[in-house]
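Some structures are shown below for you to check.
You will see subunit A twice below: alongside subunit B first, and alongside subunit C after that.
Then we have the complex of A and B:
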């Protein structure tokens, strides 16, 4: 049943996944072309000083990409379920309804983590060619809140999309916007060094929030 | 005979608007029950309660021994559910959707699905979203046949189908249900052709059940009498002998469970002068409109 469920979810998100990977890769390519251009042609000293002394982020272009991917995967996974109330078909499968919902979320999470792992590797590893270990480690620390925001956005997109009532949709959207905004409070590298663990705790709580929408749908809030 | 479905004292409201109160019905094993009613009379509400998508204000539905509010995976596997407008995972094609569903049902009958698909003029790679409503209805039916459930719940399956597909669907379904001893619960607001399908009917009107009986009994006991009255202003009291009537100038169509003699006696007792009195044969659709009215 896991296999069948994942098969359906993959059909829904494969295009969005490929598109996300392509956009992320192109952005990273752009970032390193820019780094190379700065080092070779423009002011390498100033650039280097910005990164080391002023904690500038040389890959700011990437900032909102994980967030966009989270929302895109969430929409491509859950919009087809609510169109024509197809969620009824999913909830009618010979599974516990909560398990069915969680399997969908588990697939989306797996898909996102795979995409994020690939993009993290593409973003961090080439950094070793230009920068010392300390800068690369700080870069890895810097992107964690961005990817966390992407995960949170995915779960909240699922919650909002499955939610049957508009007033709740609006409420969750405002709440989600405020929560995700917390991940983008600072533009300094490594600013969230000591904060991302509690954030991940909150995100893992948000991850099961879709069950609430499914419960309300089953109660007849349509 | 064993009941597959037992609905007891079902009451439901949307806000202050009552859908129905104390609705009771059973579906016997192997029978085909049709829930007929105009739009907005509570047909889909009943289907939603039956499938556990809606909690009634009071009362309960027992399906295969379980309360519909908490159906186990096994009982859900024994219910084939066709959603209004033949909604399916339209982002899949014929091959993908069969592959998906087959993973959930141990007794999946792949051949039953592909036999039906072979009759459609579509390619295996064609997405369901690009198919006509008739073709989609066959995909949805094929999936139910492959699932091989004990109970089929069909929500307004005639909607959007042209007469050919409607007939094809009904004939295929009835043959299958009778040959395999399946129980069917179906709703429809298009009554044409339902006569060919259902054994028993429940006719809903707004807030109430007008009829709950075998179709054959309904068709033999419910009658239409046409006549012309001298006084065009004549009115009839509904509820006693007169179930319903339609009036156009001097022409009256009167619907009743009473015999011709009883109706004539009633007219005489009311002092109503009439002529050209005759009993008119009815189809199920005529009887439905006669009972529920044109408006």
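Then we have the complex of A and C:
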């Protein structure tokens, strides 16, 4: 059952995954081409100075990309399900409906984590070529809330998409915006370095939220 | 069963988000500016002058006896604060208390500095890399940055490689002077827009203080003698023109000290009510006196201190804190608690780190609104013909979290099918 379920999910998200990977890679390429250009044209020391003394983030371009990927994967996975109420079929399988929902989310999460690992490695590791390890370490710290926001956005996208009533879709979206906003409270490098543990905690709180919408859907909330 | 859990988790997330967002929305709509007065000291009259604003305009300054002055009169009374504009209009006195005043000397001696709780850290504290400028030549970017961990290392910015020769030279000098690696606090000016190069003031593992400079590519490290029981908490390098002062040093027991350039003398200042993590301090110095202004949430204190570090005069004033204004009182009636992600006492604009801080339950004013919402929730449960047994947790949530819980349980509704 797992295998066929995952295959069904993969068909839905494969295009979005490839697209996400492509966009992320192009952005990273752009970031490092820009760094390289700056090192050639101007004084490298001035570039370092901006990073070290103003806690400037040289890869700011990447800030909202993990968030976009999270939403995109979520939409590509759950929109087809609510179209013509196809999810009814899934929920009618000889399978516990909660289990089925969690399997969908588990697949999406695996997919996202794979994408995020590839992109974060591509983003952080080349930095070592241009910058000392202090900068690379703090850069890795800086992107944690951005990727966390992507994960949270994925779960909330599932919740909103499956929710059958428009009124509640709007409420969830408003609350979702305010929630995601918590991950973008500072523009300084490493601002979340003392907070990512509680943030990891609140992401795990939101991880099974889709079950609530599935339950309402199943009970015929219209 | 899991769907019930998922609902409560969503309610919890809702409460967290609302406890952060709604108070911010409230403050955006109703926040009041606290008009902290500005205090000036006049060496002419040996008195303080107080400048206040209200929400619309700057009020006329008054002295400590309440006598009102026009803005121009005050300028003339406080020449040490406004020397450049007085000089332009030809009103700068030739001498005060027998000390000759001219604009060049004034410029050389004038310092103005502020420490806010959020600016106690130096920018270099984050990465712990700093540029060490050559002291004997024209100031140019050195092209490498220094780190002091297990040894001294210089990393070339263009190649990102450690300069082994220079690193070894400096490490030897550090070991010779008895420096215990790694470095702890580092104070200096990392910018190349400066008048002169004073190098860096660095404490080692044991808390001993050293002064590091580079002259003709050679390390120059001097140990600075500290007074007894002197544990440095914060150190700010001051870039002043007169070359007399190096740093302000705040010790673990919140004493404020000046490190003078001459013989590295450390002098304690007679300011005892300053808590660096909570208060702001403004420091003004000139050829005649120092003035310190300590601002707290609801008070301002000013001290005029002579160059022998004795208090000549002081001024203290309290005002209404936000929590006693209408908007502050209403705040405590509406919100049982709030979530703050930034440093609790600092303004959001200056925040350096995000942290989870729950604040509240200080007063019990919120109890009225919580009770009202509890009754409304109960009535809604009756109206929707739900079983009370299934909604006990919701009622508890509203009782404990008030408005946040009330919104959350109604967005994520508890339905019975």
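The rule is simple: the second predicted complex is superposed on the first by the 221 of 222 C-alpha atoms of A that agree within 3 Å, B and C clash if a C-alpha of one lies under 4 Å from a C-alpha of the other, contacts with A are read in each partner's own complex, and residues count from 1 in each chain.
In this text, a contact is a pair of C-beta atoms (placed from the backbone, for glycine too) under 8 Å apart; a residue touches a chain by one contact, two chains touch by 3 or more.
Remember, predicted model here, so these are calculated numbers, not experimental data.
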Contacts of A:112 with subunit B and subunit C, given as first, second, both or neither: neither
Touching partner for A:95 - first (subunit B), second (subunit C), both, neither: first
Touching partner for A:149 - first (subunit B), second (subunit C), both, neither: neither
Partner chain in contact with A:136 - subunit B first, subunit C second, else both or neither: neither
Touched partner set for A:72, first subunit B, second subunit C, both or neither: neither
First, second, both or neither for A:3, with subunit B first and subunit C second: first
Which superposed partner A:84 touches (first subunit B, second subunit C, both, neither): first
Partner chain(s) touched by A:219 [first = subunit B, second = subunit C, both, neither]: both
Subunit B versus subunit C, judged by how many residues of subunit A each one touches: C
Overlap of the subunit B and subunit C footprints on subunit A, listed as residue numbers: 219-220
Sites on subunit A touched by subunit B in the complex: 1, 3-4, 7-8, 11-12, 80, 84-86, 88-89, 91-96, 217-220, 222
Subunit C-facing residues of subunit A, complex: 39, 43-49, 51-55, 98, 102, 128-132, 134-135, 138, 145, 159, 168, 171-172, 175, 178-179, 181-182, 185-186, 188-195, 198, 202, 205-206, 208-212, 214-216, 219-221
Residue numbers on subunit C that touch subunit A, as the complex places them: 2-3, 5-7, 9-10, 12-14, 16-18, 20-21, 123-124, 126-131, 141-143, 145, 147, 155, 157-158, 160, 190-191, 341-342, 351-356, 411-412, 415, 417
Subunit B - residues contacting subunit A, complex: 48, 51-55, 73-74, 76-77, 79, 81, 83, 85, 87-92, 96, 99-105
